[in-house]
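Common to both upcoming complexes is subunit A, partnered first by subunit B, then by subunit C.
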Partner chain A sequence: MQEYYNDLISIYLSLPLLIQVIWVVIFIEILLILSSFINLNLIRRRYQYKIIEQQKLTDKYQEILINYIYFTEDEIEEKNKSTKLLKIAVKNKSDRKVIQDLILTLHNDLTGELAVFLETLYYDLGLVQYSLKKMNSPVWFIKIKGIREVTQMKVKDVYTETLMLINHKNQLLRSEAQLTMVKLYQFEGLKFLDTLQFPITEWQQILLIEEIQSIRNCEVPDLTNWLYSKNDSVICFSLKLVKLFNQIQMKEDLIKLVQHPSEKVRRTAIDILGYFRISEAKTILKQIFKKSVAETQLFIIQALSQLSDKKDIPFFEKQLNSSDFDIKQVAYDTLKDLKPFLVTINLNKE
Partner chain B sequence: MKEKVLLAEDDKTLSLLLKFRLEKEGYETFMASDGNEAQKLIESSNPDIILTDIMMPFSSGLEVISFVKDTLKRDTPIIVFSAAGQEEMVLKAFNLGATDFMSKPFSPNELIMRIKRILMQKK
Partner chain C sequence: MISDLYAYLFLYYFFLIFSTIVITSYIILGIVSIFETISYFRRNSFVSYKSILASPFSPSISILAPCYNEGLNIVDNVRSLMSLHYVNYQVIIINDGSKDDSLERLIKVYNLETVKYPINPKIKTAQIRGIYKSKNPVFEKLIVIDKENGGKADALNAGLNFSNSEYVACIDVDCMLIEDALQKMVKPFLERTDKKVIATGGVIRIANNCRIENGKLMEVNMPKKLIERYQIIEYLRSFLLGRMAWSRLNGLLIISGAFGMFDRRVMIDAGGYDVNTVGEDMEIIVRMRKFMQDNNRKYKIAYIPDPLCWTEAPDNLKTLQLQRNRWTRGTIETLRKHRKLFMNPKYGYLGMLSYPYWLIYERLAPIVEVIGLLFLGYLYYLGALNWLYAWSFIIVAYLFSITFSMAAILSEELTYRQYTKKGDALKLLVVALIEPFTFHIFTLYSALRGNFDYYTKKKGKWGDMVRKGLGS
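== the complex of A and B ==
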């Protein structure tokens, strides 16, 4: 055997240097592949073991939880025992995760008294504290998980914690925090608009409005301050709320916003003026029409068409010469309503 | 004799909770965690009412309805569970012969009421 190795070494040493290096590299790679293979197997086994253990825990707590939900008043002793057991279990990380997941999943599928029962149980077991811990984690997606948990379980005492995340650098986290503010505190939660420094995306505005629309029996807050926010997206969003809640009494503010430096704010305000048919806006709309870019002009003429009367016929007639097809079309349509006979003649002439 | 309820639902916790509630109400409950298992149980146990989720592994709730109504030609009432955004599926379920539907999240109390009402009508 010794001779065999000696021969191998002498053969190896007799090889050119490059071939020697290649052999070393091949040998190291074989070792690396073998160790990775063993490592992967170990990880897989550990993972499988973890899944089996978790399944066992799920089965265990599933039964305890369901029995707990349906305990009657005569079974108070058993109920107290289960409460004790669950309270001890949540102190252990893996048990807690299973119990938390079970409560959250079940809560997702249920409404009515059982959902309220699960919310109370979540609180009683102290799981809220762990959700709050997640909210304070330095990792953004764990923060989101925490926020979602408190929102789902309707934990109300997280106002300050959520408000602090409104201006977080991560957009997803910001969005989640904003939605939570509205979901948990309804109109009161909209106060985050006071301090919001980042723009609210169009999609986020849709989500927020969807949440706001589900608010029942609440007085609409005063939107004035947000119409003068330094954040243009806050103004646009507030304008959408003005429209949603028919806040027609805010017409003075809407008229002022027609001259806002932001094109988007101007357009949104113009659109709402037309929607509310605020005739006092006619003069200012006509004044800014000339100075505006074609796209804004289209918004203005659309709004004016909602407010028009016979006195506006010269204005619309003038727009028939516009180089923009859409503007011309709105002008024709408006004139058709104002003096149908004349427009028909004009069109026939053309 | 106890009335038999077949519950086809892939969420194990929810099905256990419903099973517990149904048994408390005096029903004999059979549980299936997927569409295939549900079809086998329907054939063997001939339940008085079927509760099925729409989205399930192997075969869906729609296939379960079709199996009961078209293959077995039984008029067993079927209540379908659907999640938000599955309105089209619910329409398909009704076209296939479902009796009622409940949108998740739902209240187990309401489900029990509906089961009782449907079984009363059947009698």
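== the complex of A and C ==
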């Protein structure tokens, strides 16, 4: 065997350098292919095994948990027994994961007293501590998992920790922290806007607004300060809140913002002025129309279309000659409403 | 004799250097892609799409679906498109002068009537014959544009002229979109604040042999025919290992024509689709990028690795050859049209990296490969072939191809796991083992035919592929 091996080595060493290199590459490729195939099979088997094991545990604990939340006051002994059993189970990592996931899933589907039962159980089993531990993890996605868990279980004493993540360099982490602020502390949580240094993406604004919309029985906070924030995205977001909560009394601020240096802020403010039908804005909108870019002009003409009356006919007639089709179309539609028998132009002719 | 020796040495070193660069670049792209795919997968596992479903602040989207002789499946395909989970969208079907009963079927089933509607004439198209909307409010999302035949690009331009949404999703009408496809595709447009996202591309998956009911994907199955399985490996390699990396480097030059989403205004400002190329999907991306760079605007083309769009792949050699022929001609036309970009520092990554890569590895690679094989044959004919060198090169190339396919399969397994049935992994492995000397030779031939047809001005039209229909 040793002789055979030595022969192989000497044959290899007698080859030209390029061929030697190529055979090293071939050897590496063979190793990579074999290891990929073995890994592929291992991953598939492990995955299937995990599913089966997890299903077994899920079936076991689901029954206990469902019984737990539906126990009556007379069944206090059984309830204590279940709690004891679950307390022992959570000491094991895989059991804990299943119990935690089950509680969170059930909590998602329940409201009122039953949901509170599960929140109490989450505390009693000490699962909150595990969630807080995750929240303090240096790995971002574990941190997010922790934040989600404490948020869902309404653990309110994480205000400072969450606020500290508002300006985290990881976008997902700070987005999650912002959502948690709103979910746990409602309008009070919006204070993060005071110190926010990063822009809020459009996507994040949609998520935040959806959360805010679900807030009940709370007075809408004063949005004025945020309308003058140094962070343009905070202004846009606040403008959307103005629209959402019909804060029409802020019309003067809205009119001021149509001259804001940021194009996006201007467009959002213009859109809301039209939506609220604030006729006082007409003059300023017409003034800025000419010096605006086509896309902003479209926002302006759409807003003006909402505010228009017969006196505005010359303005809209002028816009029928616009080189931008969308602007022309809004002008056409508005004129059709203002003087339905007089519009005869063919919009499809350039 | 000396000049022969020089020619031999030149070719020898040329192929050696070319192959080394190709393999190295594939390895780099592969590694970048795997990390990017896993990172995307992890990032998006936390995303909730529920909020955008009903939000009044969700941006508007128009789905543009050109249709040419799709009578067999058009009604089901439209139904599938109208049942997507998104709040603010419309479906615009553009009947590109179909010779069959596509339009009549739509009119009958969806209760359509003609309406008068102004259309933005900014992009010239073949004549519009009529616009139809449903009398039934249930189908209020649906708009059908009937026009003279002008080709797929022309049909998309007609839809683009008509749409007034913020974003347009251009799709092949016979593709099946997953219900949350629009939510996922629109997300990149809404989550960048430093750059304008001008387009998003999605992964195309092969639906042959999958169970589809009422336009919905119920079960993913491995296709039965070998020719379809080859394409699965090929798509996995291309989408999961190639485009993900280019997306990371912001160097994508193509978004599949089967499913892509675009910023409507930028698309119109860039001039819409080019009707004089068969590779309109690649050409529009190159032009939009050029437009943004010419206007000094920061931009990004995003890419989504989720399996959102499922399509019927060719299941016979003739159709497959036609498809590859078309792809080759499209690439040649686009690269030729935008040749000013080549190594032009004004265009940054686009001119210095993306364009040269496509030129060398997509456009020229098949030609270089065939010349290499001919060179090998010539040496054999002369009796000058060094078998040790020849076999070493052949084995290294063959094993590299398998390694790359395995990386794609592994990447799929670690992320989206679509082929989970027992034996699927083995089937894919067998395909990876035999592909380099079967399917690859065929694609090489198709690419050469594409080159030949391009230079001899032979043209194929869209709609050449005979569809059996998904779920049929």
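In this section, the second predicted complex is superposed on the first by the 226 of 350 C-alpha atoms of A that agree within 3 Å, B and C clash if a C-alpha of one lies under 4 Å from a C-alpha of the other, contacts with A are read in each partner's own complex, and residues count from 1 in each chain.
As a convention for this text, a residue touches a chain if its C-beta (ideal position, glycine included) is under 8 Å from a C-beta of that chain, and two chains touch if they have at least 3 such contacts.
Please read these numbers as outputs of a predicted model, since none were measured by experiment.
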{"item": "A:Ile69 touches, of subunit B and subunit C: first, second, both or neither?", "value": "first"}
{"item": "More subunit A residues in contact [subunit B versus subunit C]", "value": "C"}
{"item": "Touching partner for A:Leu114 - first (subunit B), second (subunit C), both, neither", "value": "first"}
{"item": "Which superposed partner A:Glu161 touches (first subunit B, second subunit C, both, neither)", "value": "neither"}
{"item": "First (subunit B), second (subunit C), both or neither touched by A:Glu149", "value": "neither"}
{"item": "Partner chain(s) touched by A:Ile43 [first = subunit B, second = subunit C, both, neither]", "value": "second"}
{"item": "Subunit B versus subunit C as contact partner of A:Asp271, first or second or both or neither", "value": "neither"}
{"item": "Interfacial residue positions of subunit B with respect to subunit A in the complex", "value": "11-14, 16-17, 20-21, 24, 104-110"}
{"item": "Subunit C to subunit A touching residues, read off their complex", "value": "16, 42-43, 45-46, 48, 50-52, 54-55, 57-59, 118-122, 164, 187, 189-193, 265, 388-389, 392-393, 395-396, 399-400, 402-403, 406-407, 409-410, 413-414, 417, 420, 425, 429"}
{"item": "Subunit A residues within the subunit C interface of the complex", "value": "15, 18-19, 22-23, 25-26, 29-30, 32-33, 36-37, 39-41, 43-44, 47, 141, 144, 148, 171-172, 176, 199, 201-207, 209-211, 233, 240, 295, 325-326, 329, 332, 347-350"}
{"item": "Subunit A residues touching subunit B - in the complex, by the definition given at the top", "value": "62-63, 65-67, 69-70, 102, 105-115"}
